[in-house]
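Structures for review follow.
Below are two complexes that have chain A in common, paired first with chain B and then with chain C.
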Partner chain A sequence: MTPERFTRRDVAPAAWRGEVAAALADGWRFAGLWAEAAGGDGPALRAAFHRHGERLLLAAPAARDTIVDLVPAAGWDEREAHDLHGAAFAGHEPLRALVDHDAPTPQWTVPVEGRDVFQVAVGPTHAGVIESGHFRFHVVGERVLHLDLRLFYKHRGLERAAEGRPVTDALRHAERACGADAVANAIAFAHAVEDARGLVPTPDLARARTLLAELERLYNHLNDLSAICAGVGFAPGTMAFAGLKERAMRLNATLTGHRFLHGSVRVGGSGLAISAPAASELRSALAELRAETRRAWRELQFAGSVQDRFDGVGVLALEDARRLGAVGPAARAAGLAIDARTDAPRLAYRELVPAVPEQPGGAVAAPVEVRGAGLPVGVDLLDELLAAPLEPSVAEPGGASRRDGLALVESPRGQTLCAVALGDGGVVDRLHLRTGSYANWPVLAHVVPGNLLPDFPLINKSFELCYACADR
Partner chain B sequence: MFVLLRQLQRLRRDAALTAPRRRGSLALRHIDVGSCNACEHELTAVSSPYYDMARHGLGIVASPRHADVLLVTGPVTTRMREPLLKAYESMPEPRTVAALGDCAMGCGVLGDVAALAPPLDELLPVAVRIPGCPPSPDAIAAHLLAYLHGEEPPA
Partner chain C sequence: MSATTVAAGALQVAGALVAPLAAGTVQTLKARLQGRPGPSPLQPYRELRRLWRKSGVRPVPSTLVYRLAPALVVAAVAVGLLIVPVAGRAPDWGVGHDALVLVGVLALGRFAIALAAWDTASGFALMGAARDLTFAVFAEAVLVLALLVAALPAGSTDLTAMSAAAAGTAVWDDPAHWCAAIAFALVAIAEAGRQPVDNPDTHLELTMVHEGPLLEYAGRELACLQWAAAARLWLLLVLAAELFGPKGGGFWAQAAILAGTVAVLCAGVALTETALAKMRVLRVPLFLGGGAALCLAGMGSWLAGAA
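Here is the complex of A and B:
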């Protein structure tokens, strides 16, 4: 393959807004914004954009003006850059606290006033096996008027901890940002480092990583369907899909020795080897899983009481999905045909077409359909990838090396950006991970108002976002 | 729905789970203090048809007030320190703290010192340690059952 075209444009703080506006007008799509420690006063600022496999990195020596009016999706990015790195953004008013938990309540909530308005505070701990995060619902009766999210309870400072470490160490930090999206995160990191070092994967390496990414997507989507059934109290569906997920995870363990495929992605190569008999065994196990998943999925389609609950709840409008930068199944459910897999020359996807439901409407039914319809496609892809045995493989030189590397990978939850800056001796100066969950959390907060409070668990599960990789 | 139930019935037969031989139960309250979400996946799987921990008397409860065991996942972030201590204070005596996974045990923790609180061991009395990254559903059930029946933890 030829490496993606990469442009780094250094801009003065005063020209930042203009450059961003010009990039958007040129058809570039926003992929993330972050701060990087610099020698002078305050941190330097970076923003990444993509356009048909091309990458653009805007770099300013300091932050000055906000871009949230141009790119609403950058809202959380700017708030995080402020809270963690002290970057200031003129015009981002009010710049609400995001990661900073010391801020008093009025500084991170939106005032909602009126007759009979009251707040329902939920979390950080929840009544089941759920990650930690806080939701502040402003309601009248059961109708939600506004939702304030307060995440980052699980902030472990992984990005900062990775600074100054060799690439192999930093890989673990990126991977373990999320247990369930570990492969996507690790591939994104490996791609970013290889991008910076001017390495490109051989076809075998691309195949090995695509295989791992699709195995991860398979068990995640089975898990999501199980969770959505739990969200409407449909126990047979919850258990049937939990059983199917377990089988997918056992296949992972057989193949890589780890149920979550942890540790199976490396930088610069892959140790994954699959012999011809092992590949054919795996293919027949997947075919069996595909058939049973299809049966269970069909049953779900005909469970009237379940489908009733999916309808008209948690609607994400296409225009909002585009404006707020929704990604992954949530965006596709709204009719936005975006999928980082269609633009992935470093992986072996070839002619993948993003699955958009027949009737995109964004209600809970649509993301459910995106996952359900995506399952057989994913298994067919796995079957194709396993058509030949796999040998350990490496990345080979294919371009010039530089300090910055960018990568975009489609995780089960959506497009994940990994940005690295490599320092002297191959250590990581800066690692930034903007996962699909991170992009979609603000979208979820936008979708919930207007719905009933008791429908929140269902809406939440239709997005099925991860807290760990948003908090890092 | 009947297809799903038949599928589950067949699954149940294939899984060939053993019948519990002993009595007793533990009410478990899970709290995530900074995990990567893998331990949560495996803990959820313990209730799935392939493991079905309920048959051994192990169940997840919705409040620390109903719990015998506080099942902790993750390395304790500064921001989860207080909710963790509050959850423990809310539990009735006798109460037990179980560290689920390597992070909660303080092993191989990744993260920035400034974002992490002291390890669980230094904050609360930990009685059950379930190693693994993440521990498998079998291992989670085995450690909790060993504790329930006063046996040595599995090697």
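Here is the complex of A and C:
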């Protein structure tokens, strides 16, 4: 393969906004913004963009102006850079606290006033097995007027902890950002490091990683469908998909020794070996799973009381999806045909076409359809990948090495960006992980207003975002 | 007082003990239908025993209103159990057997719990209570209507008379009785807080109706409220069986038929809860409006038949 074209453009702080605007006008899509500790006063600023497999890294020695009016998707990125690195952004008003939990409530919520408006605060401790997140709804009656999110209860400072570590250690930090997207996070990190070192994967390595990524997507999407059924109290669906998810996870355990596939991705190679008999056994298990998934999916399609709940709820408009930088199933449900897998020369996807529902409405029905329709496609892909036995493999040199590496990987929740800066002796100077969940949380907060409060669990589950990998 | 009346009174009181078993049976059947082994039908008794042994905690600030609510709810449902006859008979407990009194007693329980929710000032409790009261506007009206239509053959709202008049097959010749039966089934689901109106098994605070006001309660107070919820379901099941179920034979035969009918109704509840997702909250009034329309149609048909 030929590695992605990488351009690093160093810009003066005063030219930052102009460069970003020019990049956007050139068709570059925003992928993430972060701060990096610099020797001088204040942190340096980085922003990543992508365009048809090309990568652009804008680097400024210091932060000065906001770009949030040009790229609304950068809102959380700037707030995080401010809270964690002290970067200031002129024009980002008010710059609400995001990671900083010491800020008093009025400093991170949007004031909502009027007759009969009241707040409903949910979390961070929930009644079910749900991660820590605080939701503050401003409602009139059952109607939500505004939603303020407060995440980062699981902020472990993983990025900072990875600094100064050898890449093999830093890989663990990136991977364990979350349990359910561990493979996507780990592949993104591995790709970023290999990108910086000028390594390219062999076809076998690409196949091994694609296999792991799709196994992860399979069990995640089965879990999502189960959760969506739970959100409307449809127990037969919940149980059917939970059972299928369990089977998918047992396949993971047979193949890699870990139900969540943890520890299965390495930097610069892969230890995954599948013999011909093991591959054929796995293929028949997958075929069985595919047939039963199809059956459960059909039953869900014909459950009128469930479908009734899906329509017209949690609608994400196409324009909003584009403007706010939605990714993954949520974006595709809105009709935005984006999928990092279509643009992944380091993985074995070949000619994957992003699945967009026939009637992209962005309502809860659409993300459900994106997942349901994606399941057989994913299993077919796995079947194809298992057509030949797999040997352990190593990445080979294919380009010049440099300090910065960028990678984009489609996790089950959307496009995940991993950026690394490698220092002397192969240690990690800076690691930044911007997961699909991170990109989509603000989109969720935008979608909820106007809906009924009791429909929130359903809308939330149609996004099914991860807290831990946004918090890091 | 005849021996059968005493026996009927004993059965009414026994309802208080058997009620959790009915709720547990629905839970077990639901689990089986979903492909899970599920808990034993006796699980609600274990829950009650566990809660009864626990010390209680109360939110601060809360007042007498919050403390009295569980007792009031229990008292209301207990009186309700005494109002509903068993196998067409019931001793005179001094509260009569009027269907409208029963509606009032159920409303009293609802009112007490809504006041308690207000007293805690907890967002979830208040939200649940507000939804419950909103539904009640429709549910209580439809319940009264359904009972009135069911009372047409007897010409009285006395439940013993209604039960007696509903015996035999002749009463089903009039469409009014069918309308009353279906409308009662719809409104009973809402009254008992079962799916598709409410989901008694949910942990999602934002979607709760009947469970919301219970969130703050603990220990014995919670045990009382859980028992009351089970007894409310039991009461509605017995009432449905009395007014619309099959009858025949002597007292003991009829009591046996009643038990069978309640068991069948439990299975019916489990089936609908499995087959149907919970409906959108704002659709519940529409759902109950269907019941009201049926009642009005039933009344119209009765008047047309009488004219």
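Quick note on the criterion: the second predicted complex is superposed on the first by the 472 of 472 C-alpha atoms of A that agree within 3 Å, B and C clash if a C-alpha of one lies under 4 Å from a C-alpha of the other, contacts with A are read in each partner's own complex, and residues count from 1 in each chain.
Please note the rule applied: contacts are C-beta pairs under 8 Å (C-beta built on N, C-alpha and C of every residue); 3 or more make two chains touch, one makes a residue touch a chain.
Note that the structure is predicted; figures quoted are calculated from it, not measured.
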First (chain B), second (chain C), both or neither touched by A:Ala161: first
Chain B versus chain C as contact partner of A:Glu131, first or second or both or neither: first
Broader residue contact with chain A after superposition on the shared chain, chain B or chain C: B
Partner chain(s) touched by A:Pro236 [first = chain B, second = chain C, both, neither]: both
Touching partner for A:Glu246 - first (chain B), second (chain C), both, neither: first
Touching partner for A:Ala121 - first (chain B), second (chain C), both, neither: second
Partner chain(s) touched by A:Asp308 [first = chain B, second = chain C, both, neither]: second
Which superposed partner A:Asp455 touches (first chain B, second chain C, both, neither): second
Which superposed partner A:Arg5 touches (first chain B, second chain C, both, neither): neither
Intersection of chain A interface sets (partners chain B, chain C): 127-128, 236, 239-240, 243, 303
Chain A-facing residues of chain B, complex: 1, 3-5, 7-8, 11, 30-45, 48-50, 60, 62-63, 74-75, 77, 79-80, 83, 87, 110-116, 133-134, 136
Of all residues in chain A, those that touch chain B in their complex: 101, 124-125, 127-132, 152-158, 160-161, 172-173, 176-180, 182, 223, 236-237, 239-240, 242-243, 245-246, 249, 259-260, 262, 292, 295-296, 298-299, 303, 466-469
Residues of chain C that touch chain A when the two form their complex: 30, 33-36, 123-124, 127, 131, 195-196, 199, 201-207, 273-282
Residues of chain A defined as touching chain C within the complex: 118-122, 126-128, 142, 229, 231-236, 238-240, 243, 303, 305-306, 308-309, 313, 452-457
